[in-house]
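What follows is chain A paired twice: with chain B in the first complex and chain C in the second.
After this line comes the complex of A and B, so read on.
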């Protein structure tokens, strides 16, 4: 066998006998029990000719959450993912390069003035999506962001109310047993986090010292890894490989939370299932999905289709699903599918600390300041940002030094000797939605013969002004914590949102507040694509909250008989 | 750190041997009430010391004894256990002065430990914050050594006192000891509450040490100030609290098993999991409370 297979870190030193990257694991009526070495859990299966209530494309923060909730509400659900069904206890090694198997690294074309780096920081190809390797930072939106146009003068209002969203944040925080501070310094009062904050590592203490010197508030980051046992999951052992895949199950990813529930509630999960097209019938409604699995193209019938492939694959699938009835792609009468791709700032400052930092210890971002998310004075730009402690592992750090600090050869080797004393601060900032940024189809095709995505990105002046302020402030904070030789990393971004934005008006949005497409009433989009604006916080908690809300809305609509047909035609159709 | 491990092992062995001796050498003839009370208090003190020595030995080992002062707690408590065990089994008069000195030194070590731990908490970024109370040196833990020394010193006072008018600090000894034991239980509850809060009370059983002992402490305090006749409910609660202390160690052993790798990975998990030796300090305080209760009941019977 030519592929190198590495020993995972599990105490039994066992390697699974199968190859999850080439052979599906979820089939023959069973799926992996990710909580037990070699374990299986029964899985209900559906025939392809049997129209299921919901086919969900993607099992990440949006699709996985929705699969669990819809199955628990009694709907028949088949959730498909292009990625493998990992067993974290057995498949994950303490090896950054090996663990890049978790990223979506299929061919894509990037262009624009500021082409995005795609892969580690903004994609996942796994059952459980990118939550399998996310940094676990679980933050709520600032309430005003849901009405940023009305209240703050920029972007677009969301069609949902912040108080309703906050109830769904409560739900997700409980499901993920978020470890967070007893009192949160910013925003309206929120319930106590289910689990206590983790002990700060050295990198987080640097953030704390800097923030205190700058006179702003800081706190422990609310993160989705356990600080106490929970069910079969042990508390975090501070192994530090969080963004390369947690091999202990302390990380509360969609893979080991929502999807465990989904299976128990009767959902079927199909791994290594790449959906190429949502098919529509003569009436224009979705009839199911065409997908590739086990070496051939198949078709699954469905009464409803949910697309939850994140902000590149979701618009790509909708655009690839064009038909005579939908010549510009599915759900695209507004022309907005794929437009307004909005990523987030990931500007950083780095330096050298006299004390040891050892960035590999514990989750990377244990301390945070949301000061500039809630403070609007002193800015010459719109939008907020937060900043967090960092914990790059050695390979990531060497590539950061090479690409962000232009070090190579002896200089790079010399700086790598300093790894244990390197420390930095990095922000997550709110870039402005711009119509020119987006996802279109390229002429090239991928291994499935499907046209690949072309991802175009350029900063606007507002984005650049925010970057400059963030770097300057974080640099001062780092210096105030006695860090020397400070340099700025300007080339990184994170998270992908906004290519199927939600709204109140079919002319200016792709889906409504319930994530239901305006054009095809049995087609839904449920992931970061629906964000009209991105805020200055990591999006995973909000994606899951939106998915919970969508599930509740679907349940209520089904009870009223409104699933088969929209209750009121959209405004544009009424006008006709 | 093999030296520290050997020291802890030796101390543990000495403590256990003393405990075993104390348990099996029952006086053949009827002894004065004060002697019985002194023996019981010494047993309580030895158990408290044992809990302190094992807990501080383990936690300071985890902290790599990076400050030499960290050796103080396990070593002093080791000597303190020996003194209390000896006091529980041997002829009292010959040992009274050195015994007393050891107990007072232990109590003083506990107080200085409190200061050290508080300093460790306050010097961290954030100062007096939940983060630092949870993860800095546990501010209340050295208090257990103070309690061990205080109970041990009280034992010697009681032994030498007039059996019919036993007084402690100018007060009748029974109520004074009961009030002290109630206070000590309260401190132990505070420590358990803080650390169980850190664990988010993730297991409902974690509520036990913050619900049962406070009731016991309240009953004991009530007994100290307005107690009359026999007090069976207080006695039962003290016994339940004593049992809870040992049960706590069993629960903590289960907690260790729930960490990554379970007991197979014991060398890491007994450090990162819940502290196995901590809960018996409840037993120690409850035994001291029982001794006080016995003295009060005896006095009430005489009055």
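After this line comes the complex of A and C, so read on.
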């Protein structure tokens, strides 16, 4: 074996010499340059006693986006994340088990009639948040969903207008260089996607064949991985480990897009920084955050605090920040912090194809049909859903067969040998917001001594009716694509939203349209928690669009001198 | 199909580890997989001797492995390491104790069920009797007091599957067995369509003798 081949992957470098899970990387005036092997980029630093304009808790789709935009607008920003600052080119193995280091694996208790599976399936603990291991599907809401109560008769209206959101979607799609089809079959006209669509893998072609046989439209999925080079990032190499982290930087995650911009604009990022409380002063306003880093508790002063920890950690932090003045938790006068947790359906049908599919190649969901997001006839339930091609890697596939298809022992071993011929369709569907679903605090504490989250979930009849329709339709579509031995997987869900919903009434929402807390006017929530309804598409594009809008609103409010106090009293006080 | 080996050799001559020194495996991947391959099959720090015997017998039935195959997956040792690490999967059903405690309780309960039904330890039972107990556990149909308030079916779903099944399919021996391409970075794949494969992917046996030589060329 020649030396050249032994190091063919990476001649300059073997393994990083530091341990990002235990030693922070972003400090001493520099942060990792994730685009270069062993590279560093200068980072502005702020003293803890110097109140920064914004401290942001969480650097994922919401917090990372907001950090970049606010820093670019000239605010001083410190963004903290409990997770490590990965260097994808060096730290990421092609290995599902090892890469579970990207997930939020601290204990959480799950209960309810349909307890959620979290961990790998649901949330990340990394600088860049869950986008470091997300599947990159980047979809816009159907416009009517922003007013689903008024226009479609279910859920709750959002306090934002779809046309405004449409402009922010344009912005995010450009920032992420989304690859997508020339024309999108559903919804109002949208601009061309910045990059051309990817070639379809075999699993995506099965979706296309089935959709055509069923007489419905399908298209190449708009997806946040490059189909051509961009700066230092190469195009996708179709290695298929996307939900275990992308080791090439083709994936346009928050880590290698927004946060690169944030650093360049002067934001400070603190990795391995776990925030335990948002603290408030005698006037009830937020004064900063208490956080744990490098072995001890610290305090960062701030003029504004943004909580962006995703739909479990965000309400947990607000509930853990209770004080004499805010006995039920911060921003919780409505009693809604932690309530209305709304996940999405993830129902699937699977079967065996005579041809070799090998769905481990390429991003898992290269083709999609949003037919049932835009077609309301033929449904005996509210809400929409789309469905996509799939590409489970072996450990995920084995647990799908074991828990979803009741196989173990010899039967499991035999079925796993059909791996290369296995193919399926899975949906992302709109579950209904329900007050009984949510996040509360458990009695147990975590390694920082903080009470952990208890996550309660039960489906309602509408959710079950939608599941049944989706499985039946996808089963027909799969059969129409010549797939045999079809079976249904009923036990999965995806994406977390809704535990700090936005609205235009302080009695029925936690934050206003600008993601600003009704109760504490220098406290903001900017992540998936603010969704009043979830729609039938994956959420991250919408989370980033909301963050862009929030940044613009903050800039405008600051210019008008409205950041230090609310412009008008909220509706409830006006009514009194 | 009882009695027949469920494993046909569908990818004769394919060994995913032959790609270790090719552009399909970056340095981090090599380090991670090397560590997994080096796990001592006899290592148990978390479980005591009785628990360990039961655990090994359970693993052997959840994912049976051919006795004579090289590259045996040290499943029980992987479970022991996970139980001892104190790290979970990020969620725990309210009806389950923490990972290590759940395992200890289930292993004791399986042992009690075996003794009560058959008068022998679980590990001494014939495979069919072990399988019956496992299937009853999966269905939630075991009731020995040793289970306490932990539902056996939930233990199967939330502990046996993630800790045993997923561990097996995280091993290169399993990747070779199912024809998975395995690690793929920085080199990914080029040929994506149906029935298409790159030269560095497993070739399936179609009975025409082409697969073995093609598989044996991989990584060489």
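Just so we're on the same page, the second predicted complex is superposed on the first by the 561 of 576 C-alpha atoms of A that agree within 3 Å, B and C clash if a C-alpha of one lies under 4 Å from a C-alpha of the other, contacts with A are read in each partner's own complex, and residues count from 1 in each chain.
Note that contacts are C-beta pairs under 8 Å (C-beta built on N, C-alpha and C of every residue); 3 or more make two chains touch, one makes a residue touch a chain.
What you are looking at is a predicted structure, and each value in this text was computed from that prediction instead of being measured.
With both complexes brought onto chain A, simultaneous placement of chain B and chain C is permitted, the two fitting side by side without a clash. In the superposition on chain A, contact is made by A:90 with chain C only, not with chain B. By the touch criterion defined above, A:398 reaches chain C but does not reach chain B.
More residues of chain A lie in touch with C than with the remaining chain of the pair chain B and chain C.
In the superposition on chain A, contact of A:200 is made with both chain B and chain C.
When the shared chain is aligned, no partner comes close enough to touch A:462: not chain B, not chain C. When the two structures are aligned on the shared chain, A:410 is found in touch with chain C, with no touch to chain B.
After overlaying the two complexes on the shared chain, residue contacts for A:181 are found with chain B alone; chain C is out of touch. When the two complexes are overlaid on their common chain A, residue A:116 makes contact with chain C while staying clear of chain B.
Contacts of A:237 after superposition on the shared chain: both chain B and chain C are touched.
Chain centres taken from Cα atoms put the angle at chain A, between chain B and chain C, at 90 degrees to the nearest 10. In the superposition on chain A, A:98 makes contact with chain C only, while chain B stays out of contact range. With chain A used as the common frame, chain B approaches chain C to a shortest CA-CA distance of 7 Å.
Looking at chain A, you'll find residues 199-200, 205, 237, 248 touch chain B in one structure and chain C in the other.
Those residues of chain C that touch chain A in the shared complex are 1-2, 6-8, 10, 21-29, 31-33, 36, 61-64, 87-95, 98, 131, 134, 138, 157, 160-162, 165-170, 174-175, 177-190, 192-197, 201-202, 204. Chain A meets chain B in the complex at residues 11, 181-182, 194-197, 199-200, 205, 208-209, 212, 220, 227-230, 234-235, 237, 248, 250. Interface residues of chain A facing chain C in the complex, by the touch rule stated above, are 1, 5-10, 13-15, 90-98, 100, 103-111, 115-120, 122-123, 199-202, 205, 236-241, 247-248, 353, 355-358, 360-362, 393-395, 397-399, 402-403, 406, 408-414, 416-417, 419-420, 454-455. Chain B meets chain A in the complex at residues 124-126, 130-131, 134-135, 197-200, 202-203, 255, 258-261, 264-265, 268, 272.
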